[in-house]
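Each of the two complexes below includes subunit A, the first together with subunit B, the second together with subunit C.
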Partner chain A sequence: MPHILLDQVSKSFKGATIFENVNFAVEKGKIYGIIGPNGSGKSVLFKLICGFLFPDHGRVIVDGEELGVNKRFPSDFGIIIDRPGYIAGKTGFDNLKALALIRNKISDDKIKQTMRLVGLDPESTQKVKHYSLGMKQKLAIAQAIMEDQQTLILDEPFNALDADSVENIRNLLRKFKEEGRTILLTSHNQEDIDVLCDEVYRINRFKLEKVKK
Partner chain B sequence: MLGHQVKVEFVRVFTWRQCIVWAALVLVLPVIQFMLIKDGYVYYRQLDLFLRLNSNFVPLLFPIIMVLVYSISFPSEQKNHFIPYVRIRIPLTTYFLSKLIVNAILSFLIAFLIVFVPFIFSMYIEPYLGIVRFYPTNGNPIPYTTFEQLLVLGTLPYGVLYSLWVGLNGMMYATMGLLLVMILEKPFIALSIPFVYYLLGNFITQVLGYDQFSPTFTIFPFSISQQPLWTVFVPFLFLCFVVMVLMFYLKERLHKHHD
Partner chain C sequence: MTRVVNKWKDFVDELLAFKWILFGVVIYIYGLSAKEHMYVASLQTKLLLNKWDLLHKFFGDIYLILYFILPVFLYRSISIMMSDFDYAVLIRLGSYRSWVYATLVRLIQSASISIIVWGAVSLVLSIGAPSFAGWSPFSRLNASLSETQILQKFINSPILALVLHLALFVFSVSCIHLVLAILYVKWKNKGIVVFVAVFIWVYGVVSFKLLSPHSLFNLCHYLILHSGVAQFSNIWGSFAMVIGWMILLIWIVNRLDLNVKGYNWKYTAFIVLVVLALWSGMRENVGQTVWDQFLFMFIGGSRQAFYFKSFLCYWVLYFGVIYLVQLHLQTELSEMGYYKLVRYQSISRWFWAWYHKIMLYIGLYLFALALLALFILSLKRFSFDFHVSIDRSVTLLDMFYHFFVNGYLQVSFYVLFVFLISWLSKETFYSFVGIAILSFFMFPGLNNRGIIPSGLNSMAYLLTNDSIYRISTVLFLWNVFAIVFLLYVFSKQDLDF
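Then we have the complex of A and B:
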């Protein structure tokens, strides 16, 4: 049974078709790349998989449970969708703490460890409103991985990162794959897709087409 | 899940900075008011001092004070796309409901204290300090106000019950503000609406000659002669109705708004 299954999924907004009868199966422990031009529906696809949007037709099934029927949101997903999200007037640590408190699964030490892992200083008193774009992106990655989420849905995770940080995050994602985690990502940089992904899909004419690597 | 999230919201909101803001909301306006009125008025009773302390600033700014308690912190979460990252961890309805509960509890407490602290000061502390001069009535009529009917229960029960009433109203205005922030795109407009509603309510009831039902006079009835207690429930019930409509609207629109 696939980890994530899109079964005959169609979605449109105000008459504009985004997806039409899409079938897509995601196996555990692989990295999937989704490519497509701007506005082709990459974020919509991720929102459908996360349960943020429901398909007009078809089903989205995660671990055998249909979203919107058996459960509202998939559990144990880490996401970056559209852009980093944060509370501007708080520090990076306080932002992550606010999110971590919701599930109350991890300690402050784990938050700090994750911040170091992505290249942020957990002791910094700098408010996120003063962060650079790259730092905000690292914060977004930190919140997506800090609770050891087993499935990562990452929309443009390398945006605004410098070369060293890109390499660091690539290595992190490779390590997560070795641990058996599942990753779906988009990137405008073909190199990210080429070096990381086991399978690549292109959004073309409202469908997902498998691209040979 | 909801209980845990309410606890989380309390943990998040109780910072030193926030406690100072709350202390200022409770103390600053009554202290300024006390400095302004301690010498310029004739007082026959300790209660008159309390009534005078609760006139001017607090009745005028009441809905604004209430949205400053907690609702004002929420737009920063909406503005920078924070909610989707919450949403993957907890259902949006639970998250928003926890915020509404925390907002209701905190605004109730602050509104209660805004009245109860001056009450304790006027009735129990000031007599020892002797700052204010009291005059004999010399046959002048004492202007009794609404809620003084409760004095038959005793001075302290009057103070507690009246403060609870202000607390309840404060809670409703704060809830209205937070619901509007959750519904509307523009937080400044959303947070202004409770104040506009309050002013408009006062204006309409005065124009129609029904002062006894005005929002201000039913919460702070010190500029109007004593009215039957039932009159205060008329605008309160209308306010409850408005809040319930907003809640229903939010419930219906919540997911569409954040998709």
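Then we have the complex of A and C:
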């Protein structure tokens, strides 16, 4: 049974078709890359997979459960979709802490450790509103991975990162894959896709098309 | 252990935060005058009151709750929803249902803090009054000079009455929060939620001020125990209503995450409301011709005649459509405004292009309204004779002139007004507040000279001795004024989105 399955999924907005009868299966333990020009529907695809949008037709099934029947959002997913709405007047740590408190699964140490992992200083008293673009991006990555989420849905995770940070995050993702986690990501940088992904799909004429490696 | 300590620390921090002090100060100031009021009443009746009378006063005063506490809670409810609605939060909660309940829990936490502050202030205010000892002689009086005089007849213990009152209040506020949260999940639109919140508040005030005190539609009966007790003549009526609502809302919340294929609810809801407004506007026992009824459907209010129901209908018909315009404007400004502006090269040119379209829509809307009204009327057996029977001095021509020309000018002014506010403030929220304030001027006594452009296209003006041509002039001047002002603002303001 595939981990994530899109079954005959169609989606359009006010007459503008984005997807038409898409079938797509995601296996556990691989890195998938989704490519396509701006506005082709990469982010929409991720929102469908996470249950933030429902398809007009067809079904989205995660671990055998159709979203919108008994379950709305899949569990144990770490996501970056749109930039998270941070509490601007708090520090990076406090922001992550607020999110962590929802599930209450991890300790403060784990949060700090994750911040160091992505290249942020957990002891910094700088407020998020004064963060640079890249720092906000790192914070977004940190919240997506801090609870050891087994599936990562990362919409343009490398945006605004400098070269060293990109390398760092790539290594991190590779390590996650070795641990058996599943990763879906988009990027406009072909190199990210080439070096990371096991399978690459392109959005073409409202369908997902597998790209030969 | 440290976790618990931290939680307490956060709680105390919150309690001491500036906003709560402010909250307490307002209650204190209001409480001082309320207290004096109570002492005067006690002196006049020569009956002694005690601390319970004062506490019930401070906790149950209708004015305090309607004009201060309710808005504070509405604001809090919305601010909690806005700050918590985020993909990263939602994925952790697992469903919209959990999100709704999580925000409700936060609201109830806020409510607890505010009740603690409220109670502390009330206790301070009641220092010096005779001590707690059951219902006071004053409250036993068979009158309704105080909250306690009503409650005493139905509940044995004053403390129980207070607890029930607070429970009712928290239940009610929770219901309101659920309504707002459901709307937010369904439409993900801040504007709608703010609009409904403002509406609930205006409704609360208006229903208290203008409905008969024994109307079931008076919001106070469900927020304030003594008001509900007076309405139902028992303690449980209000609770039954509120809990009924609560069950319905919980049922809806539990269905929020289901994938039911929907259609565009916004317009459907609007059309349903319009039909309801028109339908309820008919007065079948007055006036025999279709044109009489047509007049009633759009009667609104004038300085001489004001009915709450007519006001509500007017709100739906004319301010409702402004709301849709506002939505349109919002997308225009936020999504495309800047890029379009660059191409138009000047803001005023861009504005004209947009306003052009809107002017056309207003005309079409008025036509559609008239046709819909006539269609509804044709379902009933009214005479189609071409005259207005209730007031022979009103000709059909007058009526159409007033409906179309003054209606057009009035709606056009509303649009300009809303545009101006959203342009200046860059916040949808303020234009709704603006609309709410503007519509207040339809209340009796606030627009005696007929020069404030609010509700001037009400058909009620046909039945007064106002000249409809004067109204046109007034509205026309307001439109010109608004446009000139806009052009001025355009020339002054930086292009900054």
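Just so it is clear, the second predicted complex is superposed on the first by the 211 of 213 C-alpha atoms of A that agree within 3 Å, B and C clash if a C-alpha of one lies under 4 Å from a C-alpha of the other, contacts with A are read in each partner's own complex, and residues count from 1 in each chain.
FYI, a contact is a pair of C-beta atoms (placed from the backbone, for glycine too) under 8 Å apart; a residue touches a chain by one contact, two chains touch by 3 or more.
Treat the numbers as computed from the prediction; the structure is a model and nothing was measured.
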| item | value |
| --- | --- |
| Subunit A as common anchor, with subunit B and subunit C clashing or fitting | clash |
| Partner chain(s) touched by A:I31 [first = subunit B, second = subunit C, both, neither] | neither |
| Which of subunit B and subunit C A:F73 touches, first, second, both or neither | both |
| First, second, both or neither for A:L53, with subunit B first and subunit C second | first |
| First (subunit B), second (subunit C), both or neither touched by A:L99 | both |
| First (subunit B), second (subunit C), both or neither touched by A:I4 | neither |
| Subunit B versus subunit C as contact partner of A:V22, first or second or both or neither | neither |
| Touching partner for A:I81 - first (subunit B), second (subunit C), both, neither | both |
| Subunit B versus subunit C as contact partner of A:I141, first or second or both or neither | neither |
| Stretch of subunit C penetrating subunit B in the combined three-chain arrangement, among 76-84, 400-408 or 418-426 | 76-84 |
| Residues on subunit A lying within both footprints (that of subunit B and that of subunit C) | 50, 52, 72-73, 77-79, 81-82, 84-85, 87, 99, 102-103, 140, 143 |
| Footprint of subunit C on subunit A - complex, ascending | 50, 52, 54, 56, 67-69, 71-75, 77-79, 81-82, 84-85, 87, 99, 102-103, 140, 143-144 |
| Complex contacts: residues of subunit C adjacent to subunit A | 83, 85-97, 102, 257-259, 261 |
| Residue numbers on subunit A that touch subunit B, as the complex places them | 47, 50, 52-53, 72-73, 77-79, 81-89, 95, 98-99, 101-104, 140, 143 |
| Residues on subunit B engaged by subunit A in the complex (per definition of touch) | 4-5, 8, 11-12, 76-77, 79-91, 95, 258-259 |
